[in-house]
Amino acid sequence: MLLKKLREEVLEANLELVRKGLVLYTFGNASGVDREQGLVVIKPSGVDYDVLKAEDMVVTDLDGKIVEGTLKPSSDLDTHTLLYREFTEIGAVVHTHSEFATSFAQAGLAIPAFGTTHADYFHGPVPVSLPLSDEAIQGKYVHETGLAIVARFKGIPAIDPMAVPACLVAGHAPFVWGKNAADAAHNAVVLEAVAKMAYRTLTLKASADEVSQALLDRHYLRKHGANATYGQG
Amino acid sequence: MLLKKLREEVLEANLELVRKGLVLYTFGNASGVDREQGLVVIKPSGVDYDVLKAEDMVVTDLDGKIVEGTLKPSSDLDTHTLLYREFTEIGAVVHTHSEFATSFAQAGLAIPAFGTTHADYFHGPVPVSLPLSDEAIQGKYVHETGLAIVARFKGIPAIDPMAVPACLVAGHAPFVWGKNAADAAHNAVVLEAVAKMAYRTLTLKASADEVSQALLDRHYLRKHGANATYGQG
Amino acid sequence: MLLKKLREEVLEANLELVRKGLVLYTFGNASGVDREQGLVVIKPSGVDYDVLKAEDMVVTDLDGKIVEGTLKPSSDLDTHTLLYREFTEIGAVVHTHSEFATSFAQAGLAIPAFGTTHADYFHGPVPVSLPLSDEAIQGKYVHETGLAIVARFKGIPAIDPMAVPACLVAGHAPFVWGKNAADAAHNAVVLEAVAKMAYRTLTLKASADEVSQALLDRHYLRKHGANATYGQG
Amino acid sequence: MLLKKLREEVLEANLELVRKGLVLYTFGNASGVDREQGLVVIKPSGVDYDVLKAEDMVVTDLDGKIVEGTLKPSSDLDTHTLLYREFTEIGAVVHTHSEFATSFAQAGLAIPAFGTTHADYFHGPVPVSLPLSDEAIQGKYVHETGLAIVARFKGIPAIDPMAVPACLVAGHAPFVWGKNAADAAHNAVVLEAVAKMAYRTLTLKASADEVSQALLDRHYLRKHGANATYGQG
C-alpha cells in the first residue's frame, strides 16, 4: 500500500475536523500531498467518519487520476489537486462547511482581521472568491472552484497562500491548507473560531476596525518564520 | 405485531433527532408509511425518548384510524397522514421544534438558498406556510396544519415536495419528509444546520443574495436523481 | 428529618437545571412548598451542585424562619416565600440566570409569544418587572424583588400566575414556578428554549408578530386544563 | 522544587479554563504569585493542556527572570509580571481568548454592567484598553500590553482593580485576575458568561440601560467585603 504514513496523517486530519465539531455527517474532506512522488491522498466520497480507515483513502496523481484505491475519491478532488499544482508550497488541503466560516462565504464577505487570534494564523483578511459564472458551474465545476480560489490569490494585490492559508468560496464554504495535514486541520479549526468572533464583532459594531498592520505583523511573525518566538520549538 | 421493520426504522429516526440535539424533552415526532399496506407507524404522544421502544409505536391507516397499539399516537398524527395522502412519493415525516428552523417559522420567513449546503438537499428556498385562520385553528387544527403545508406546495408556482422536502409552518415549526425514516431524519438535521447558517448570513448581511439557479441545480443534482455523483452508490 | 420526599424532589429539580445547562457554578436555586404543613424546602446558599444532598436542604416556614437545617438558605429565600404567600396555587419556585431569559431581563423586554412552543407552556408573553427603585434595593431587597414580580401579575390587566408561570426581573434574571418541583424546573428549561428562539426571531425580524389569540389558546389548552389532549394522561 | 502548592493551583486554574470551554488548543495561560518570596509561577508556552503537569510550570521573579524551569514561559509573561508589580493586591492572572469577551475586545467596546450576574463579580463596566501605538507594538510589546491595562485603571476616573478584576485589551482579548489562581479562573469564566449575555442584550436592544448604582452596589457587596452575605462563609 502506497504512502502509509500520509494516509494515517490524512485520516487523523479528517478525524480532528469531527472532534472539533466542524463537520456534520460526511460533509468535509481532507487530503495531503507527497511532493516527491507527486501523489495525493484524499478521503473517499460520502463514507462515514466513524468507519473511515487509512486504507480507505484514495491515492491519485496531481491531475486527479486514481493510482490506488477502490473507493471513489471525494467529489472535491479537482479543487484539491488544482490547489496543489498552483500553490506549490502547501502540503495538505481541508474543506469543511463549518458554520461561521460558511456563513461569511454565503454572505460573500471576507473575514476581517479583527484581532490577535486572527493575526496569529492569517496575515491579513481571509478573502472570499468571486461567485462562479453559470458557464463555470455548468462546465468543470470542481476545477473551476479551484480556479476561483487561485484567481483571488494571484489577483492585484496578490496574497501569499502560505501567509493566508484559507479562502472562502462565495456561496459555498471554506478551503484551508497548510504545511501538512495536521497543520491544515488546525488552521481550519482556528478559522472557524476566528470567523465566530468576527461575526460577533460585526454584529456588535458594524463599523469595527481591523487591527493595525503593526499588530498583524507582530502576531503573525510571533508564530511564523525564522524569528518565531511562540512555543517550545 | 405489524410492520416490525418499519417500527424499528421510525424508532431509530426519532432517536437520531435526539442524538443531533433537535428535540427537547418529548417535543418532536417521526412516522413512516408502508404504501403497500396503506399503514402508518408513528411515535406515541408525550413518551420519553429514553424509554421509547419499537413496540410502543402506534399503527394507523392513512386516515389516522388506529389499527394496532395501546398508546395514544402523536398529537400531530393528522398532519402526518394528510401529508402521506397528498405527497404520494414520500415514505416518512418528521416534525421537530429545532431552534433555528423554528425561529424562521416564528418570523414567518422562508429559508433562502444561500449556499451549496442548502442546495445539496433543498432545490430552492424552504417555504413557510401562511398563518392559519382562527377558523382553521378552532376547527380541525392538526388537519388544517397539513392543509397549510400542502397549499404552499400546490400554489403558484408549485413546489415539488420531493425536491424541497420540508416546510415551515408559520408561528409553529418545521415539518420535514423523505424517502424513508432515516432520510427524513437526515433532512431534518440538515435543515437545522442550513437554517443556522442562513440566520447568520442574514444577520451579517440582510441583503445577501441567494445562489444562482445554476449552482442550485449543480449541487442538488450532484446528490439526487439519475445522474447523482456523490458517495459510493 | 422533615419532608424527606419534598427534599428529594427539590434536589432533583436543582440537578435538572444543571443537566440542562441552565446554571453556572452555584448560580440558581429551587425550592418547594408543603402547603399542608406551611413549610418550604430550599437549596442552601453557594453549595456546589455536585456535592448537594437532600439532607443539605434548608426547611423554613412561609415567612422564611428556619425550622430545620444547619446551612444558610439560598440568598433568594425571601423572594421564594413571598411568591408562595401571594401565588397560593404554586408548589415550587426556580430561579436561574439562564443565558437567553436573562438577556431579555437585562434588556428590560418581555418574551413575546412568537410560536406554539411558547404557547404550549405560557398563555401569553412572559412579562418583565419594573426596575426596582433605589429605596427598594437598599431596603429589604430580596423581598422587594418578590413584590416587583407580584405587582406585575396583579397589575392591570392582571396575569394568572398559573397560566404564565414565569417572570423576568428587570436587570436581573427569571423566576419560574409550577405545580411541583419537577414542573417548575421543566418550565425553567422550556422558558430558556423559548427565550432563545424569541431572540433569534427578533434579530431576524424586529417587527415579527406574536401568534394569534386563537393559536395561543389552542396550544395552551392542548397541554393544560380539563380538556388537555397531549400525552398519555 | 519551588512553590509546589502554587504550581498545583496554577495548573488547576489552567485546567478549569479548558473544562469551561474558554481555551482552544494552547491559547490562554494562567499564573500565580507568591508575594512573600516575590516569585511567579506561570504556564509554559504552547504546551498541550492534556499533558501539562505541575512540574512543567516556570518560576520567575517579578521582573520575569527565570528562577526555575527548563521550558520557555508563556509568551505573555511580561504582561503578567507587570500586573503583579502594579496591582499589588492580586494573587493570580489569567489570559484567555474566550469567544464573547474577545469579541467585545475586538469591537473596542467595554462590557456594560447590564445585570446582577455582572454586578456580583464586577463593580462597574469591564473596561477596554486603548489600542497600542505602532511604537508600542514594535517595541516591548508584551510589556506595553500590561501598560495599556494599567493606564486604563489608573486613568481618570481611576478603577479599583480589586473591584473590577478584568480588562479587555483592544483588538486582542481579556486579562483577568483575582485573589488566587482559583479565583482568577472563576472570574474569567464568569466574565465570559457576562460577555455572552451583554452581547445578546445589546443585539436585542442597542440602547439597553446599565443597572443602577444602587443595584450594582447591592450585588457586588453581597459577595465581597466585610459585609458579604452570600454562601456559607
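Each chain gets a letter, A, B, C and D, in the order it is written, and its residues are counted from 1.
The rule is short, and it goes like this: a contact is a pair of C-beta atoms (placed from the backbone, for glycine too) under 8 Å apart; a residue touches a chain by one contact, two chains touch by 3 or more.
Just so we're clear, the structure is a prediction, and the values are computed from it rather than from any experiment.
By the document's definition of touch, subunit A and subunit D have no common neighbour. With chains reduced to the mean position of their C-alpha atoms, the one farthest from subunit B is D. Residues touching across the subunit C and subunit D pair largely diverge in numbering: under half of the numbers involved belong to both copies. Chain centres here are Cα means. That of subunit C falls 33 Å from that of subunit D. Subunit A and subunit C, compared by their mean Cα positions, are separated by 47 Å. Within subunit B, contacts with two or more other chains are made by residues 203. Contacts between chains close into a ring here, every chain touching precisely two others.
Two chains count as a pair here when they touch; such pairs are A-B, A-D, B-C, C-D. Within the complex formed with subunit A, the subunit D residues making contact are 24-27, 44-47, 71-72, 75, 97, 99-100, 102-109, 131-132, 134, 137-138, 141, 171-173, 199, 202-203.
Of all residues in subunit C, those touching subunit B in their complex are 114-117, 186, 189-190, 193, 196-198, 200-201, 203-205, 208-209, 211-212, 214-215, 218, 222, 229-233.
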